[in-house]
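Below you'll find the structures, each written out as structure tokens.
Presented sequentially are two complexes of chain A, the first with chain B as partner and the second with chain C.
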Partner chain A sequence: MNYELKNKQTFAGGIHPKSAEKLAKDCKIEPFPVPKQVAVMLSQHIGAICKPLVKKGDDVKIGQKIGETDAFVSAAVHSPVNGKVKDIALQSHVVAGRSKAIIIETDLENNPQKQLCKDKFNENFSAEKYSAEEICNAVNEAGIVGLGGAGFPTRVKLEPNPRLPKKTLIINGCECEPCITGDYRIMLEWTNQMIAGVKLAKKASGCSDVFIGIEDNKPKAIKTIIETLEKSSNNEKIKVVPLETKYPQGGERQLIKAVLGINVPTGGIPPMLGVVVLNVATAAAIAEAVVEKAPLTHRVVTITGKTIAKPANYYVPIGTAVNELLEFAGGVTEKSAKVVLGGPMMGIAIADLTTPVTKTTGAVTVLTKQEIGKAKFACQQTACIRCGRCLEVCPEHLNPTKIAHAVKNDMLDVAEDYYIKACIECGCCSYICPANIEVAGYIKTGKIFLARQK
Partner chain B sequence: MLKDITVSCAPHISGRFSTRSVMGDVIIALVPAMLAAGYYFRMHAVILIATCVISSMATEWLCNVIRKKPNSLGDFSAVITGIILALSVPPNLPIWAAVIGSCFAIAIGKMVFGGLGANIFNPAMAGRAFLAVSFGMMMTTWTVPATINPEMPNISAENTVDARTQATPLALSKEAIKKGQRAEIVNEQLKDAITGQVGGCLGETSAIALLIGGIYLIVRKTISIHIPLAVLLSAFVFGSIAWLINPEVYISPVVHLATGGLLIGAFFIATDPVTAPLSIKGMWIFGCGVGIVTMLIRIVGEYPEGMMFSILLMNAVTPLIDRFCKLIPAGGKPSAA
Partner chain C sequence: MILADIYQLWSSIWPAGVTMLALGSGFAIILLIASEKLKVEIDPKIEQIQEALPSLDCGGCGFAGCGQYAKAVLANPDLLGKCAPGGQKSTEAIAKILNLQVSDSAAPKRPIVHCKGHTKDKTFNAIYQGIQSCIAANALSPAQACKFGCLGLGDCVSVCKFDAISIIDGLATIDYEKCTGCGACAKHCPRGLIEMVPFSQEKMMTVACSSKESGKVTRTMCKVGCIGCGICVKMGEHFTIENNLARVDYENYQPSEKNQTALNKCPKKVIIETGKKCKA
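Up next is the complex of A and B:
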């Protein structure tokens, strides 16, 4: 396959959410202090839930594996602190409602803050001394999952599959959502570590082409990465592709369309085209896992919102409660109306602020009443005026209003007929809807109903 | 720390459009046409627009009370129906007829279907069609603009009979076609048709005012360009064909575009989102249909104009167009469905 590369590539559809500002854009990634207690979820990824390897009262060490399964699609979890297992109990889970977590009380006296390992890499890093198998095993041991938000186990993506040989590796530097800045900071500050991870992923997966797709509202990141690659003695032909700034440019299917100009078949997955997509944060984690043998216990979380005193990007121990993050960021004012794990477009609003950070929590976004109620006609819906804006913005070229109304009227067969399953739940339709209809909400509901029918 | 936090489905932010802002934009875009109407037809314009708007809103309010539904006047759609109806009737239409037209437009054209978003036909056009078939004489008598005839008749009913009237350019054109006369006299009226100094419906006469409003709507992204473009292009092509065949009898296509409500129809009525197709392909089919049917009526049919019937006709086939233009997902049809 020959892919034509044009400048500022993109996909059709999508939106430009102007109101969402990147408040933490210029905040360096700072280590987060060790919390008194962490709750490590046993399900932080797509796939089987881990079984705990420790029991109540056990002592655990930093990086110790505390949960795993034999299932193919799954990822182990590790303790981010030294401490004692206080309990294994249900905790508010951002996706699953309530789920089992290992609650660890930190041994505060004996707990060094985890240091960033970006300085251990330089631009001439070579993946040659590691075999593909070694890399895959290290990734598996470290429990790495897609850090962009979906949480698909990275090992499954990288491992060679004789039926679907991999050819192209695309690194997602688009930032999945407006407001989030963690990936941007990683590209700027952890450039060498990230590129080392890219090289390792290339080696492990056997891909021959590597593209790093970056939105053009991050010129500094594009420049830094291109310069680093130029300086390097072995840049392995990694190409940087500037993309148009648009949501959902960071969506896997949209990214592939933008970079390679091909559509992933409806109902299909990227490996069918020989494509692997990894997030920049995942690449950085791979480098750490392979070279430092360090498991995935911390991740970069953006704290942002107009009511937050100090928007920031922290390197947070996984399992830290959201309210501790908010307090450390200077607390929030009374005007806050919604706390969202993730970005404002696809993030999940939480009711319980003790919900712990998981491997897939890229950001905590706090929204004000004004922001969530903006442009709303007395904050209420009107009937669909059939303006067709949702069709225009849908990156998957669906008919969102038709699907939403089919679900609303309990006609799931019609919804299926209009390809409800092809929806990527990006939320562009709800965002643009002048009638304030929760189009994406109806579609998600319909998908759940359909899954239950089976 | 935080007491009341909201939990709801993503996304948590929304864009700049609301039903009210969309409708408000249309009202703003209609201002130039209303001003032109006021300039050419003086008190007739003011009274007709006010009557139609007030009676439309009153009807909508009453319908909601009867149906025990929340008040929906806040979405401004009744105001638009009122304005468009007023702009598409002759200036000397009696007030009572305007009231009847507005009541029909809202009550039968919109509310019986379930209100905004559920109506099949454009309410204003439904009201106008009702008036056209009920009071044919009144709906085809056009006063000359005040700029030509400073002694405009009074508004009172007894004077309307004596009003100085003038055939519209399209009525002259129809006569030319029927009698095989030369159409030159109509072509000479083009300049007046662009500014609005011709006989015709209240808001249809000034092409320039309508264009300004239409361009505003497109720039603000309130309407997409597809429907107006399709209507105007198809009408132009069809008009050109007739004109090229026999330029003596048929008027120039430019005159067709500038007169008889083609512009108000293309920019403000055919683009009514509720009654137009959803997809871009559907919009093109719809727009071309409106343009071609209009020209068919004008050139071959009995009526001199035709915008109203063509829009109503295409409204009726909109659900079919939508079904025909089913979108295919970006990744193609699923292979094993």
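Up next is the complex of A and C:
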């Protein structure tokens, strides 16, 4: 093995959530049974909302494109099942509150479960026979977006841009959110498929350097990937970079700082530095889209929480309701206090359990009162004592308490002066605050206020 | 002896006194000249307009305060009549100063909260424990089933400068005695529940609901939601239905027997009279 765990790279700031347990760490990715009904959101990504291509009463097939737009930043949506369009109606949406969705009633007799396609790839996969344009088109057709959580359309990231040439491709295998294990399982089980995706992404974007950043609490994943790379010829010169286990190591800007040692300027984006960051799950989806011509209709979702009977990683049809997932995993008990889509740090609590899984839903975390903390659960905030812990942990080196108090007191100009827009909403400040102040919450609220002013 | 002492004292004081006097009068002359030479011409009209305004600095006109508005209205007479707290009286006074004709007095605008759901009427999916502000609660997936109704966290209360709005049992309630019609609450409601309505009558009739969902869904969300049944349109004179929601045509509203019947016949009792001397 040619990696050294001692010289692990990292960024300044961040936290080490201690109590987090990766409950679903050793659970293999299993296909999820076909649900009775799916609700495919027309807005599952950053960018323009899709227009439905089907009408109420239409029959749809697995993989059929059911929503699309002409906008540059957008991604098509596809049906994950065979069935009939029951309605096009509003559904609870994690980010937008409510948004339009295509509700499909599944034809239960005629619905094969989607098989994993990890076995169709081996170490000797070569991206040579695909042209860059071919890969970009396939990614576009498959409607692939960043599966890490933000949901930025992948085609926009990969497509060559003459103004901003791309040099470096970083594959994000950090999975820094405590509790989530989907990416870890992908790295372990779908290694060949993922590396095939990396090769394709490299070919499409024309990057010369490829790094895979993995946190050092996943030594198995690091080992498996290095061994797989060694078995193949590794013509692409893919490098595995072990990183310190720290939250938010998997944040795009933090990852670039840790791997390359360069800062993405405030208000800037990684393409300005010629860097493309892709998640491991996205890489696996690219491989499937290009080689199998299969659209993105399923994704790996971790279901975890102390009150969940069987924490697991499922390959879930996009559009499945959260309560179906929870029921399949053993259901919630009375001790459960909060259901969060995403990890415990950045996930968003949902009020409606019929909220469907979207392309960006990486996990369903069920938290108990104890885990949230009694005082935090009851919103028992005390006054800020100016201890400065939030300043220490802020990975963007902001002054969270100043911004939060400015928002609280309706001084948005002050909040703007302190770079409220540079906040990545990682929630380190709220986690560390001894006074239980929901610092990140206030900052997020301030951003909404600012957006409304314009 | 005493005289000699006084003389001695005087002889030691007078140079200081004279110096002070000389300095004082010197500066006074400089200031006098400066005040004449560097004088800033202020239109006396601005001061007059400011006097005609209520000096509440509520910002309802869209300017930072009464002073700014006075300047703006002098430069651009089209802005006349923007002062809601001053009302017709201010407008006429300003028009007199500017030698303008006031068009027929429009009815003063007052806010109406288009929701009637108190905490006991609403259905909740979950308990909201986030930041106690409507704008934050509205951004999340709805803990309150009705995504149109009042969240009752009081963003409107905090912006009201006249203490005219309060949250009673989870519903924003306006005190029309105190309200000046500045419109701050209507601007800040993240759900757009509060609408500025011309109060042509002392009491206005309104459909206190904003739910555009179908009647079936509205029933599950709220006990007092408009289900769009259309009885008010049939019975009354000034009602219309759009998107499963009845609305009063505020521009043409006149109190009448027919409208009163519509109010009484509403199956959800969601049509109410609002305004001064109305029970909240």
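A few comments on the model shown:
The rule is simple: the second predicted complex is superposed on the first by the 439 of 454 C-alpha atoms of A that agree within 3 Å, B and C clash if a C-alpha of one lies under 4 Å from a C-alpha of the other, contacts with A are read in each partner's own complex, and residues count from 1 in each chain.
FYI, contacts are C-beta pairs under 8 Å (C-beta built on N, C-alpha and C of every residue); 3 or more make two chains touch, one makes a residue touch a chain.
On a predicted model such as this, the values are computed, not experimentally measured, just so you know.
When the two complexes are overlaid on their common chain A, residue A:A349 makes contact with chain B and with chain C alike. Applying the stated contact rule after C-alpha superposition, one finds that A:S92 touches chain C and leaves chain B untouched.
In the superposed model, A:E371 makes contact with chain B only, not with chain C. In the superposed model, A:F449 lies in contact with chain C only, and not with chain B.
Once chain A of one complex is fitted onto chain A of the other, the partner contacts of A:L398 are limited to chain B, with no touch recorded for chain C.
Residue contacts after overlaying the shared chain place A:E438 against chain B and chain C alike. When the two complexes are superposed, the chain touching more residues of chain A, out of chain B and chain C, is B.
In the superposition on chain A, the residues of chain A contacting both chain B and chain C are 348-351, 377-378, 438, 441, 444.
Against chain A, the residues of chain B that register as touching in their complex are 1-2, 4-22, 72, 74-75, 114-118, 224, 273-274, 276-280, 283, 326-337.
Chain A contributes residues 92-94, 97-98, 348-352, 355, 377-379, 410, 438, 441-442, 444-445, 448-449, 452 to its touches with chain C in the complex. Those residues of chain A lying in contact with chain B across their complex are 11-13, 15, 17, 19-20, 253, 257, 263-268, 323, 326-327, 331-332, 336-340, 342, 344-351, 353, 365, 367, 371-372, 374-378, 382-389, 391-392, 395-399, 401-402, 418-419, 421-422, 425, 427, 430-436, 438, 440-441, 444. Interface residues of chain C facing chain A in the complex, by the touch rule stated above, are 125-126, 128-133, 135-136, 138-143, 147, 158, 190.
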